[in-house]
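Data first, discussion second: the structure below is written as structure tokens.
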Amino acid sequence: MLPTESTRIYPRGGLDVLSREEVAKFRDASTGMHDLLRRCALAVLTTGSTSDDPRAAQELYPEFDIEVHQQDRGLRIDLHNAPATAFVDGELIRGVAELLFAVVRDLAYTAIELVPEGGRDLGSSVGLTDAVFDLLRNARTLFPTDPNLVVCWGGHSISREEYVYTKQVGYELGLRGLDICTGCGPGAMKGPMKGATIAHAKQRKHRPRYIGITEPGIIAAESPNPIVNHLVIMPDIEKRLEAFVRIGHGILVFPGGVGTAEEILYLLGILLREENAHVPFPLILTGPTASAPYFEQIDRFLRLTLGEAATSRYEIIIADPAAVAKRMMAGIRKVRDHRIAQKDSFFFNWSLDIPLAFQQPFVPSHEAMAGLDLHHGRKPHELAADLRRAFSGIVAGNVKEDGMRRIEAHGPFEIHGDSGMMQSLDALLRAFVEQRRMKIAGDYRPCYRVVA
Amino acid sequence: MLPTESTRIYPRGGLDVLSREEVAKFRDASTGMHDLLRRCALAVLTTGSTSDDPRAAQELYPEFDIEVHQQDRGLRIDLHNAPATAFVDGELIRGVAELLFAVVRDLAYTAIELVPEGGRDLGSSVGLTDAVFDLLRNARTLFPTDPNLVVCWGGHSISREEYVYTKQVGYELGLRGLDICTGCGPGAMKGPMKGATIAHAKQRKHRPRYIGITEPGIIAAESPNPIVNHLVIMPDIEKRLEAFVRIGHGILVFPGGVGTAEEILYLLGILLREENAHVPFPLILTGPTASAPYFEQIDRFLRLTLGEAATSRYEIIIADPAAVAKRMMAGIRKVRDHRIAQKDSFFFNWSLDIPLAFQQPFVPSHEAMAGLDLHHGRKPHELAADLRRAFSGIVAGNVKEDGMRRIEAHGPFEIHGDSGMMQSLDALLRAFVEQRRMKIAGDYRPCYRVVA
Amino acid sequence: MLPTESTRIYPRGGLDVLSREEVAKFRDASTGMHDLLRRCALAVLTTGSTSDDPRAAQELYPEFDIEVHQQDRGLRIDLHNAPATAFVDGELIRGVAELLFAVVRDLAYTAIELVPEGGRDLGSSVGLTDAVFDLLRNARTLFPTDPNLVVCWGGHSISREEYVYTKQVGYELGLRGLDICTGCGPGAMKGPMKGATIAHAKQRKHRPRYIGITEPGIIAAESPNPIVNHLVIMPDIEKRLEAFVRIGHGILVFPGGVGTAEEILYLLGILLREENAHVPFPLILTGPTASAPYFEQIDRFLRLTLGEAATSRYEIIIADPAAVAKRMMAGIRKVRDHRIAQKDSFFFNWSLDIPLAFQQPFVPSHEAMAGLDLHHGRKPHELAADLRRAFSGIVAGNVKEDGMRRIEAHGPFEIHGDSGMMQSLDALLRAFVEQRRMKIAGDYRPCYRVVA
Amino acid sequence: MLPTESTRIYPRGGLDVLSREEVAKFRDASTGMHDLLRRCALAVLTTGSTSDDPRAAQELYPEFDIEVHQQDRGLRIDLHNAPATAFVDGELIRGVAELLFAVVRDLAYTAIELVPEGGRDLGSSVGLTDAVFDLLRNARTLFPTDPNLVVCWGGHSISREEYVYTKQVGYELGLRGLDICTGCGPGAMKGPMKGATIAHAKQRKHRPRYIGITEPGIIAAESPNPIVNHLVIMPDIEKRLEAFVRIGHGILVFPGGVGTAEEILYLLGILLREENAHVPFPLILTGPTASAPYFEQIDRFLRLTLGEAATSRYEIIIADPAAVAKRMMAGIRKVRDHRIAQKDSFFFNWSLDIPLAFQQPFVPSHEAMAGLDLHHGRKPHELAADLRRAFSGIVAGNVKEDGMRRIEAHGPFEIHGDSGMMQSLDALLRAFVEQRRMKIAGDYRPCYRVVA
């Protein structure tokens, strides 16, 4: 068993005020809340771990437990047998403690507010967008500052060269005063924040924002690193994706695997809608020289599936961090002008039309995966929605606990579709496997089968 | 017509983030929200006014209007033909602008969250307390700091000598680092804040809290002065009273009229409950030498109606500001120890038992007023509840728009009860009238009739 | 004997770092530094005292002592038998503690830097101005913010009505974001700060500046009140006067006595110089309606002595606080434009030409006072210099320890001059006596004799 | 010619207030101040340069110029044809701008205060220590916080592996809340700050201190990187060394060349004095596994020259960053206790006895170098003083402009001494050459000859 520590932590700065009812939720064994909290907290505490196996941490720290108490200053978190790696000389790293309070805050909010009993309309597109807004606001992620938030997507399992490149790009973004948002976790989600941290220090930016947006299904595989100073736990992958595109003023895509492909499909599916034709949204795919073939393949896949029109919404820049940052700045300036003209807020992209198909939670059962309709002839954004689901299912089969269990029980998912599209998809997935982008450690055993 | 100015204001500091839906509420003419906003905003803008006639401001500024807009930085408030007195050389006083944003924030929250459609149980005691907590939290009034908040109650119409005394007491409280909460408005609600402001400057307290808690019915008669840096608009008088006793760590009562009597009855009714016997709650009645007879009369009335036991829950100190502050400090220390022992929070007094009778909104119709059961023999806290309602009704008849209209239409309220109690009540009310505590200006025409 | 307290205090915020040598200065009995420190500290500790007798505090607190120690955090001040009035429940008022550290800082700087052994040229005008600059900079009084500092002069012994008026003017200045500088002490030096404190709270000005500039000779008679958050002890009256006119962006004069007359003469003497003809400098004399005759008399005296031209440099506004503030704002805007055009700094008025005659310390011996040359025909600024000295001597004879001792030993000063000028001077001084502007308490026994 | 930019910069935050006289100093061509400023400013602007040739920057940017102007906000710096590498999209990096203001501040202070005309005794040990204190205080480097400042020494020219190791150590120090001070420049002076920056972000340390102490002779070869947020330019190498040991609470030595050897000899020479026997001073030599032989050789050299006793004052830890940080923490705790016991300040080590021989500037002429007395039998601290001078001379010959010119004119320095000591010295210097620690680029041509 690995070394552990136990401790009690208290919130700093008065931001975390829970009601008695909210605290009580975590203590009620019947609701599953405690188990959820335990899993998310363990993910935060195993920050820096290089494993992406969601069950590994549970097995390494079987005695770990967490309790939330109501106290004079409002809240107290007790940790029992927590990973010693999150401590320095017996004291929990302060950033880790902050992230734990963020977990408690978001799980409580989700359990009480984002449920039908909370008076919510979670069946309509408007209602779901409001849910995303409310959770982000409650997490104090929405500020009326000038647009400056760059969302960085990319793989958790990338090469050393790619990782160094993400740091360089983050550095160039940081030099220009841009803040960073990623999905939490190692690799392309950590590098830009590290680079930006150094640049922000040089630019004397005293309150930089490193926003991490995750969800309970993925957090165990992609521990937030404590540079993240605004952590948000969205209730599911669809709300997490909506959060990214509503609060980001531009998006960078580094090399990645199926998760990154899911994200690209999600965003392009939305941007290709007629309704969004006039909404500016800088989208840049970038990597070091060695990643050029990777992006060529992605580019081909997107042209084949979504059509040539798709290429008008993104740009590929290879091996030029400063150029990436400059292009992003230029793109964000357009976003700013558009928001002012539209009286849209700087902090939440209300103008972007996201249809229900992209918002409704997709549960990747074998049946649902088999039922995806991957054929040419569909409208690009509809096809994109189903392709997004296909990748989402593979992510689940790879690194999410539920998905892995399904695969263990019933074998790989089957994905059906046009033979051309299926060949292209198969080639893409094989490339991910060969480039070791699927999983960090061990040989990869595919959780899917592409059927033309 | 009085001089006016028009302007646009923007929130500072990123605290005021509304959703599209929330902004839209204010523009929907059908909901009454715009009218409510207009009235509350005008109250804030006529700060410093010495009138307590709720309709006066409306008549003086008939062209006044306010609009809430969604904008790039989230929110913009447009003021049209606003009272020039809130401006300095064409610029709105910053504190006034802040209070306007607080009004918008609280009205939006109330309209969307504190309604049955918001998934709320507003019929139970627990549900109502949660509503109070949630609104206070949303207004960022709850901080996990050491207990230091003194609620000051007292009249808006008091003598110069009494006013100077409230400043002196505020000064002594401020010297000891105590923060101030009042009901907004002039007189005893302003003096302690002014005194504390000077003392806080001397003690270099850089983030003092001057909390004002009001409600839409009373705000027009008691404009918040802009020293208030945390304004909260509770939806009704009962939630406002609950807010006072849940967030205050001790309460001071200066001389006042029926409103103050309502507050004393409310608090004593709660403290006299068996369930609250062990909850420490410092309660001090104080005034200058000339006010001694006033407190003697109050004291007699309380003994007569609630019994001798009531006197164990309060203390009367005459003409000694430093002693008041010292006793309050001692009382708050006990509150602190109790909260720690009970694992109750410092910022919200969950332990205090407030029964539904004190929480349910009382609408003072002539029928309801006539139906109050003011007889000896009832349990003290039940009698207190009805006495509280009696005073509440008179406040409404004196200075609230709805109440005044009822009196104009149907004549004075009739209040029935035991002849001894009625004589005592009558004497008290007559004294208020004689001491000019009922209304600031003009001769007072009673809105009630006491019937033995 | 009055109640006292003993305590130890430590600097907050890391601003007060003394060297071993500087600390040692205070402990060396031979230098007189300890005695000087003791006197200044006692003045700070008797804040709020209404006495202007410099020896009163010494007699009331004979056992008072102060020690400066070198410690781990740099500095520790030990107070023995200090006036209990500076304490609240056993704790020294924080503002008072800050002022004590300011006293130590300035006395140390003066003793080590502003002496010929410090490599200083204290014989030239440039060298003396540099000394003033260096001391103000060391006291962190110089900030490169926009011009907004109003110096308020006026009497320590003024009527209630005049005092209330100074508060109202301070309030109007504060509403416009102006900071206040005075000479410390009660009356017209305290009122504007109190008024501005309330206004700054309403305008949410979180770092207002209340600068007090004093000198060891006067501090005992005019204790700084702890609203002052930047206290500077200049070594003598001439440097104090130069500090006022170099850092103030405009000057207000309230009713006062000989000290105020000294200040007006000093400033007009400088402004009437050819060299300063183009330097804008707003100067407003103001008071309530009852003070109108006072200013008429001053005005007459100035016309008589300095000539009609003098009136072009000041303005008299009676009973209109808002107008005073607006005129001051307009004047400061011109100062701002001029500084930018002249590349002069906002925080120190380098452009103002102050001749050596106004900078050299004047020691008011009987001989020096008798030697003043108060005759028509001299250049206005030369005559102003001598008139300034005459008033300065009377201030010393009234409330400074040295001066009082001289008068006790040798009888009143004799002041000689033109008979018309002497009559006018005599009338002015008599008026000060009648209006009780000379001394706060007791009957006034003149320390001067005017000889035509 | 390399790309350049021109711009004007203004101070932020009001810290940089110069007098007219101080500004004028920089404009007076006769004093050499402008040239000194130009050289130092260019060093700051070529941050990140990998050259250690002090003349390279001058040659690359021949048109570069800088002017200091007096302005409304006090100070304005004009840059002409400055290296474009210090700019991001046309804007000077903010950290670089701050460092430029620090250069101006320190050069002005040195030119006016730290000269005999400034009333200074620069001939005595006490006087020199006061000069160091005063300059550090003027640079706002002295804070009364708990001891937490680790000085990191080591080479500017180190291997990739060594550089990564310095980052790891910096990270472990930063995790424990320790601040970093180095001599500015690349390599071991930059790595610890980068590592600490990431750790401080994780620990939410919002005001970390990265202090760089340099001097005009070396700054051109070792440009400060803009992570440094407190830059101090001491007037010479001896005051720079004294500054390190007076403000550091512990010292870490990474692998380096002659400069590092100079620093070790300086510190050990002082610590070995009888007078300092009881002054705790943690001193740790550390590097990655590959550096073990390096430290063995240093260790042997120190034993041979200073005797076995020297080893009691340092500790060598190989390849264990966390252990280094823990030992440093333990050492600093002892420093803290000692300071409290001795009433010594936390921010300046007054207790340490530094004799005049270590304080007097050593000018490495050929004659002076030849005259060094490097023989056994001398008292350790005296021998250490001369050995320190020997290394100091070689540093000058390698990378300082004056020294390089001397070598070019007169050939290598000759260093005489005991044959054993000379062999050992020769071996050490040869090892530095072989390990490429002398100079970053090109083949190294020794500037010295060891003569037994």
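All chains are identified by letter, namely A, B, C and D, in their written order; residue positions are counted from 1 within each chain.
The rule we apply is simple: a residue touches a chain if its C-beta (ideal position, glycine included) is under 8 Å from a C-beta of that chain, and two chains touch if they have at least 3 such contacts.
What you see is a predicted model, and the numbers here were worked out from it, not measured in a lab.
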Both-way neighbours, i.e. chains that touch subunit C and touch subunit A: B, D
Label of the chain whose CA centroid is most distant from the centroid of subunit C: A
Chain centre separation (subunit C, subunit D; CA means) in Å: 46
Separation of mean Cα positions, subunit D and subunit B [Å, integer]: 63
Subunit B residues counted as touching two or more neighbouring chains: none
Listing of all chain pairs that touch each other, if any do: A-B, A-D, B-C, C-D
Subunit A partner contacts - residues on subunit D that touch it in the complex: 88-89, 93-96, 98, 175-176, 194, 197-198, 201-204, 206, 210, 225-227, 229, 326, 329
Residues of subunit A that touch subunit B when the two form their complex: 11, 14, 17, 19-21, 69-75, 117-120, 130, 133-134, 137, 142-145, 336, 339-340, 343-347, 350
